[in-house]
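This is the structure I want to talk about, given as structure tokens.
Letters A, B and C name the chains as they come in the text, with residue numbers starting at 1 for each one.
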Amino acid sequence: MRFGFNFWLGAGLTTLVIVTGILAPWIAPFDPVLNADLMNSELPPDTTFWFGTDAQGRDVLSRTLYGAQISLTVGIVSQLVNSVIGVTLGMTAGYWAGWWDDLVSGLTNVMLAIPSLIFALAVLAVLGPGLPSLLIALGLTNWSWTCRIARSSTLSVKSQAYVQAAQTLGYGDIRIMFTQILPNILGPILVMATLGMGSAVLSEAALSFIGLGIQPPSPSWGSMLTDARQLIQLAPWIAIFPGLAIFLTVLGFNLLGDGLRDSLDPHMRTRKP
Amino acid sequence: MKQPLLDIRNLRVGVLLGRTQRPIVNDVSFKIMPGEAYGLVGESGSGKSVTSLAVMGLMQKPLSVLDGQILFQGQNLLELKTREMRRVRGKRIAMIFQEPMTALNPLSTIGRQIAEMYVLHQGKSWNEARRLAIDALASVHVPNPDQRTKNYPHQMSGGLRQRVMIAMALACNPDLLIADEPTTALDVTVQAEVLRLIKELCTERGTAVLFISHDLGVIASVCQRVGVMYAGSLVEENETGAIFTSPRHAYTRGLLGALPRLGSRSAHGRQRLVDIDSIIADRSTLTETRYITPRSSQ
Amino acid sequence: MFRFTIRRILQIIPTVIVVALIIFVIFSVVPGTFATSLLSDGKRAADPQLIARLNEELGLNKPLLERFATYVTNLAHFDLGTSFRSRQPVIDLINDRMWASLRLAIGAMFFALSVGLPLGFFAALKPGSVIDSATMIGAVSGLSVPEFWLGLLLMYFFALQLNWLPSFGYGDGSFQNLILPAVTLGVAPLALLARTTRAGVLDVLNSDFVRTAHAKGMSHFKVMRWHVARNALVLIITTVGLQFGSLIGQAVIIEKLFAWPGIGSLLVDSVAIRDIPVVQGTILVIVLWFLVINTAVDLIYAAIDPRIKQE
């Protein structure tokens, strides 16, 4: 399997962001929360504070670096939850069919009728803002597409000879699903999961931006931008860096997902000479 | 001596792989007389379809014509400007392809697709063209032609669709019909009907046919002369009967030997299908024409 | 076609019912009364007497089934309840702001279509060219950029620095106020449309029937008009339909950013103060719109592609 430019660039960016998040405690020059000195507030970028400071005098660079931890955690964890739910429901629906399939398909259709951000807002309205609520909210919203793909892939794999062989050998359903079907539907699922992580990061940022996600003083990129909005005229630099960070992270995920999709999808059509 | 309708001289077509040109068609020459049915036979990859695309001017990058002339009624098609070539296509040379399902626009009625030919080349109005389309369908023996013109391609069987293709192709009475594996995707019985139709219509209208196939049997039933292509070159050319009874080239003999034949074991003894002891040479290694050498055991 | 239309329209009803049920379940069955969370705001416990009174007033004490029955009957009368905070009927609140949201959504979609379609189209006509690469890079960037950040930057440059456009608000409803929010909202659909159009057109251009069309002697232009356009359209329409969902979601954020008085900002504000009836009502209305738009898209799709109706 050859991986194209997209894949490598995306993998590079994503790795960079992940590493930044992991190493933040060591490479950030200042503490993201505690180093609040009002004497330093709203300073433009200079040699001490490479990205400038915000209204509380905190170093924007450090906050941005630490922000990677939060945004990535939310993005990756919530998408994993989504994928697990989607694959489980989709695979079982496709494999067992019958009333279970009808139920799952009906539910999927309904979930697809609710825009994911709206649903997340509903959950947050009930649970209140904060990291755990955010994880639950985002983890429950995006599974429908994965479920659909998993289901249709399962349907096509189900009729293959090796699955039927396993059935005649007396393998249990669960075993078949995990050993025969799952490995063969993994491709598109993986692509969706990668793209979904990017989307989750965007959602977290958006929700934090309107104040319903990660609460201050935690350095989430989204909530940093809320502050930036108040100060946009006085200190525009505060708005640039967190947003740029989000952009690069999501770009990384998107390119990675695209690259994966290109390698897995035999889209090349050669015409007979 | 009548002038040949189609005269291909020393045609060379190559494909651009990376930065090098690899030959696909290597110095191929043959003529087709007006009204004659000529068959081009060979395995996939032998270059026969590419030759036909070259005649029609439908080749796209990375394929390109490297050398040679394609004279149609005396005019070198390769020298024509795009707009002039367009006027030749459909009107004087028509082509039908292998997969009738995908060869027709799924979103357009077949009546409209046939009518396009008349609007395009004969300047007819759409109303007139639709009426002519019904006649065209009748000429290819499609039952209920006026009903059928309102059908979409997915509502017809493969055989019917191929008839539609033929109707479209012959709509403007071209001088030459190029048929590229028209029956390969069809069932055997339908195959026979379509072949019969092609033969009938072309003889009736005096249309010459360049019939391309890998199936010698199919070619034999339609064509008067046959050209055998192998690895981009024309290795043998003869009248149909002669090809079968006295093949000259080793490859042709191989092809014939590979044909399963109806016979009785008691009368002829056990017969084996003979493999052709060669594979189409990998394009990247082909630098010059290669011929198979006759095997020691004939 | 007619029967298909009726069938599709009727399919909306069960979906709406189930969505209403889910919404009700989310907001009513979850443990912890709203009165408590409304009054205590997470920091200190509220006075139990106040809580009891609030519960009584808001009817949160009645049994679940009774509440659900009331909910459904109210819905049937287009009564979406009363706001906890302002005591106004939810439906009035929504009505006041519906038009603003529609304008924004239409403006954004219009922007996305008018730029994204041509870009994708030309990129497909010249694959591998500069315009192609630029469009594709632009597209993936457009999909990766947080829209509200983009909005913020645009606001900074065009409104605050250059003073060409108002920086927020609906103003007097003039077009000027619509530009920044609509462009911001439209970037993501634009990016996706450019990509999908390119893929769709490329796909069609490489298909067999286009080759047949060329073989028939059609000029490039005629092939485009007579054969490519409609076939590529099919793919594009599907994308537009899908895009509306995320558009509506993102609109919520953009409305808040630009202080645009639509139902999106209403939703955000209500979630912040836990004004449940408004949240419930708004979500229901949004979902309904989404379903209506999807159905419309499906119908257009079926009108163009004759193969769909067969199913």
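Quick note on the criterion: a residue touches a chain if its C-beta (ideal position, glycine included) is under 8 Å from a C-beta of that chain, and two chains touch if they have at least 3 such contacts.
Since the model is a prediction, treat every value here as computed from it, not as a measurement.
Visitor: State the chain with the largest centre-to-centre distance from chain A, centres being mean CA positions.
Guide: The most distant chain relative to chain A turns out to be B.
Visitor: Which chain pair racks up the highest number of C-beta contacts?
Guide: So the chains sharing the most C-beta contacts are A-C.
Visitor: Would you kindly tell me how far, in whole Å, the mean C-alpha position of chain C lies from that of chain A?
Guide: Between these chains, centre-to-centre, one finds 20 Å.
Visitor: Would you kindly tell me how far, in whole Å, the mean C-alpha position of chain B lies from that of chain A?
Guide: A distance of 53 Å separates the two centres.
Visitor: Do you know which chain A residues sit against two or more other chains?
Guide: If we look for residues of chain A contacting two or more partner chains, we find none.
Visitor: Considering the complex alone, what residue numbers of chain A touch chain C?
Guide: 106, 109-110, 112-118, 121-128, 198, 202, 205-206, 209-212, 222, 225, 228-229, 232-233, 236, 239-240, 242-243, 246-247, 250-251, 253-255, 258, 269, 271
Visitor: Could you please specify the touching residues of chain B with respect to chain C in the complex?
Guide: 56, 58, 83, 86-91, 94-95, 97, 99, 102-108, 116-117, 120-121, 152, 154, 165, 168
Visitor: Considering the complex alone, what residue numbers of chain C touch chain B?
Guide: On the chain C side, the touching residues are 207-209, 211-219, 222, 226-227, 230-231, 234, 304-307, 310.
Visitor: Under the definition above, what is the set of chain C residues touching chain A in their complex?
Guide: Touching chain A: residues 15, 18-19, 22-23, 26-27, 30, 37, 42, 140-141, 143-150, 152-153, 155-156, 160, 206, 245-246, 248-250, 252-253, 256-257, 267-268, 270-272, 274, 276, 279, 283, 286-287, 290-291, 294 of chain C.
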